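Both complexes shown next keep chain A, but they swap its partner, so chain B is in the first and chain C is in the second.
Entry: the complex of A and B
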């Protein structure tokens, strides 16, 4: 199952089937989603939040460090992209890159202050820094729109030489644009995790003391993982701003960080694709249950409790175990 | 100058002085055993050498380089590798991956996002070489936490060897082992010393192992250096006997 797990155990021969199924499902989603009562933007939202949860899990599942403030870097990506489109550029990809840089660079700077903390203290400090950005977005009315969120920008069609792709008006075209970004980011993360650098992260997750006495400067590697993770989640945030043509200060709030942790853990934090599945379950439940009752979060919470109690390896972790048995 | 030169190190934790004014000089190619009753400060002494924490006083020179204030990972880069009294491995990775991570760090690949085919082949050979040396070839693809305790301890030694160390620090390699496992690990350490010419400093409780292996023995008691000498000298030393018997009585 190593094609799916990357979790370090490469003893099983690589089975390409699960990977094939995942990409097939994602590539065809705009065609079958309407048939089962969904809509294309819902699929896009799954990709966006799935990517965010996978970025968080790069840190949580593969480096063994829990950040409870990752929503801040997601939000910085969203505001960065939104502000760039509003004031700087009409190029959607450029705005997206600027948003990603904002999230990543903020992560690099704050990460340097955080990496010496461990466990609960690490989580607390990430919350604290995250909340700083939340209040900036919430309060700086003239720039961010404050409580109302950032409006007044919209994603623009892509111009590729003579070819123009209307990702602004065509939801399906936009879905494929997001899928392309998702594929690049997921590919980069998977690639990194299979590299010698990625194995040092697994080493830190498995046993920090051993890693240190194997010659790995643990703080520096955690910082690098934190920074990379913030770049990826900044990209997800930028895509979210494009999806909604809107950036919401609540996306920086620590409760949003908690949602991302729930997605990663529910899907399976020791698996590469688990957070995507967790994100899909979360988003679909949110969409469906919230149309029935305002208390949709209690249903997500209930499901989370059930998963943690009965499938401690998460939904995908459970499926993989069954696949191996 | 000695290969490893520990000069008058002291380590105090608050008012508790765990190691007091201990010196140790190990020659290249030597196998030195550090022994002493429980609480003698052996592991603290090891932690000072390997850089777990800095000494309160004194200095440590390794192959002519003053490493006293150097962080652990840089001492590893200089060629110091250690194992722990309580096995420290990567439990949910395979034996081969445990060794491979060490080999990759030793090759200077720790920040590399990819490897070329030749580099990968060289690494694979290196991992196989270490696994063969330690007799773990048949268990390469097992997760370390699935192995028996004795094999886990051997795997930890294999990880240290993957670093191509010039000094091997083994903290009670036979801790918690049965007779057969103790014998096997003793043979492994003996091979590393005699055949592969590793310089080794080892903490050990089992006197049979110590007398069988060590060129010279350093005895610590209550944080102080009690005696140093060959096996015969130590066996005949009255202060050493008193320290051990005093503990037994």
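Entry: the complex of A and C
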């Protein structure tokens, strides 16, 4: 089974056609989305949550440890970016970097505490620590706005020398800004996973004991993967704050972590692009279903149950299997 | 000041008793089946609401006794139909499944009983304070602590002296060997799951009498229960018991001096325990892998 999945990821990177299709779809999205009843901000949201799910999957699918508290670092990125724009700077990219640093550094510190736990216990400890940040965002009214969320900041136009790109007012320009960030992050993740470091993570996922006997410092690698994934998801959180010009304490809650995990699993957590697909399906469903019924929670709950029972490999994993058989 | 401190310690102990009941149920299921039951809070709320529905017919006492059993029946059903399929697989899947169930339970509770809070009426003689100086000690609070103590004592006696209890404890240590000795592990797990849910139902009824009912009432108890388990040490029910009381009192005492940190203090305790003694206060070496 393991050999199949590893070969699968390799083949996907060698064959340029799927990659070409993915980037073509993403690059042209603002033009075809309105034609099928969508809108540009929806596409941006797919990119943001897709990036968040891919960052989580860096840990979940490729290192094999189960973090159920990643919403916290997503939210830290959002609050970090929002607070930076509100109090420190008018530069959107700088605020984004600060948000990303906040998420990543918090992940690095807590990761050191968590890294020895495994399996369900790892999940339990990550959830519990994630809730700390939820309570801070929820309780620290004077700084974070408490229950009402953080308001009073807005993304600013980009100034590149003489050129000004109005990502503040123009949704399409902002979409391409997010796509650029997404591409950089996805490229970095892809590069890391193909490097010896990434191969080591796969080895730990497949057989931790054997990796340890080979002299690989397992704890250090898991900590590094956790930290990197927190940096990436912090970036996604920062982009989310820019998208809404708002940061919501509920984005740090563990139920949001559950949503991110289900995106990754639904899309296919043993594939690189699966979480993006899962995120797209989740965001579109959420947009549609919550406009149709008040029982969105039951719907999401059923989605969890159906995915777990019938599509544990996710959509892409399912398709890949079909393709091989 | 002394009175205020006593008031908050008492509060902490009572909240701690809820944590204990909830965490013991979670811990039973976690130890034997390696499943984190996210839906535990949902079962708790359902227990409370069933008691609310039954109490006009059976009275408070009847509802107190019947409701946990009905909740446990629901738990047995869920275990047999859904959770049992996932035992051999990555713990990720059972986690996601119970997570989804928690959503469904909360939505269903809201759908059936409404989003508004509902009271569970308790016998009026228990609502009175026992003395004027210690106005916060009502009969109902003493009664609650008594019920929790009795339930915990009963659980420990059953686990220690009955055949099933001994099998459950043995299964916690090494389920394969227990199965090899001819014990029906599937039935054992189902029974154990039911016992855990029974405790959730019981705490739901008790919490309903003290705090009222609300579809999200279990959510606030879930995280502290996780922390009680982690602080006490995974794999040890005694640890869970002590852990629950400890974090209850700690947050009660913090509420006196620094109210807005009363939630945060239990996370600080968890971080301290993980730093100094990663396996938890009563955890055995090797249980955490």
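One rule holds in what follows: the second predicted complex is superposed on the first by the 305 of 325 C-alpha atoms of A that agree within 3 Å, B and C clash if a C-alpha of one lies under 4 Å from a C-alpha of the other, contacts with A are read in each partner's own complex, and residues count from 1 in each chain.
Note that in this section a residue touches a chain if its C-beta (ideal position, glycine included) is under 8 Å from a C-beta of that chain, and two chains touch if they have at least 3 such contacts.
Just so you know, these numbers come straight off a predicted model, no measurement behind them.
After overlaying the two complexes on the shared chain, residue contacts for A:152 are found with neither chain B nor chain C.
Once the two complexes are overlaid on the shared chain, A:118 sits against chain C while remaining clear of chain B.
Of the two partner chains, chain B is the only one that A:213 touches; chain C does not reach it.
In the superposition on chain A, contact of A:191 is made with chain B only, not with chain C. Counting the residues of chain A that each partner touches, chain B and chain C differ, and the larger count belongs to C. When the two complexes are overlaid on their common chain A, residue A:34 makes contact with neither chain B nor chain C. When the shared chain is aligned, chain B comes close enough to touch A:202, but chain C does not. Common to the chain B-facing and chain C-facing surfaces of chain A is no residue whatsoever. Residues 60, 66, 68, 113-114, 116-121, 123-125, 127-129, 131-132, 135-136, 139, 254-255, 258, 261-262, 265, 295, 297-298, 300-305, 307-309, 312 of chain A are the ones touching chain C in the complex. Contacts from chain A toward chain B in the complex involve residues 7-11, 191-192, 195-197, 199-200, 202-203, 206-207, 209-210, 212-218, 221, 224. Within the complex formed with chain A, the residues of chain C that make contact are 30, 34-36, 38, 82, 85-86, 89, 91-93, 95-97, 99-104, 106-108, 111, 223, 226-227, 229-230, 234, 260, 263-264, 267, 270-271, 274-275, 278, 288-289. Those residues of chain B that touch chain A in the complex are listed here as 50, 71-73, 76-77, 81-82, 84, 88-94, 97, 100-102, 104-106, 109-115, 141-143, 156, 159, 163.
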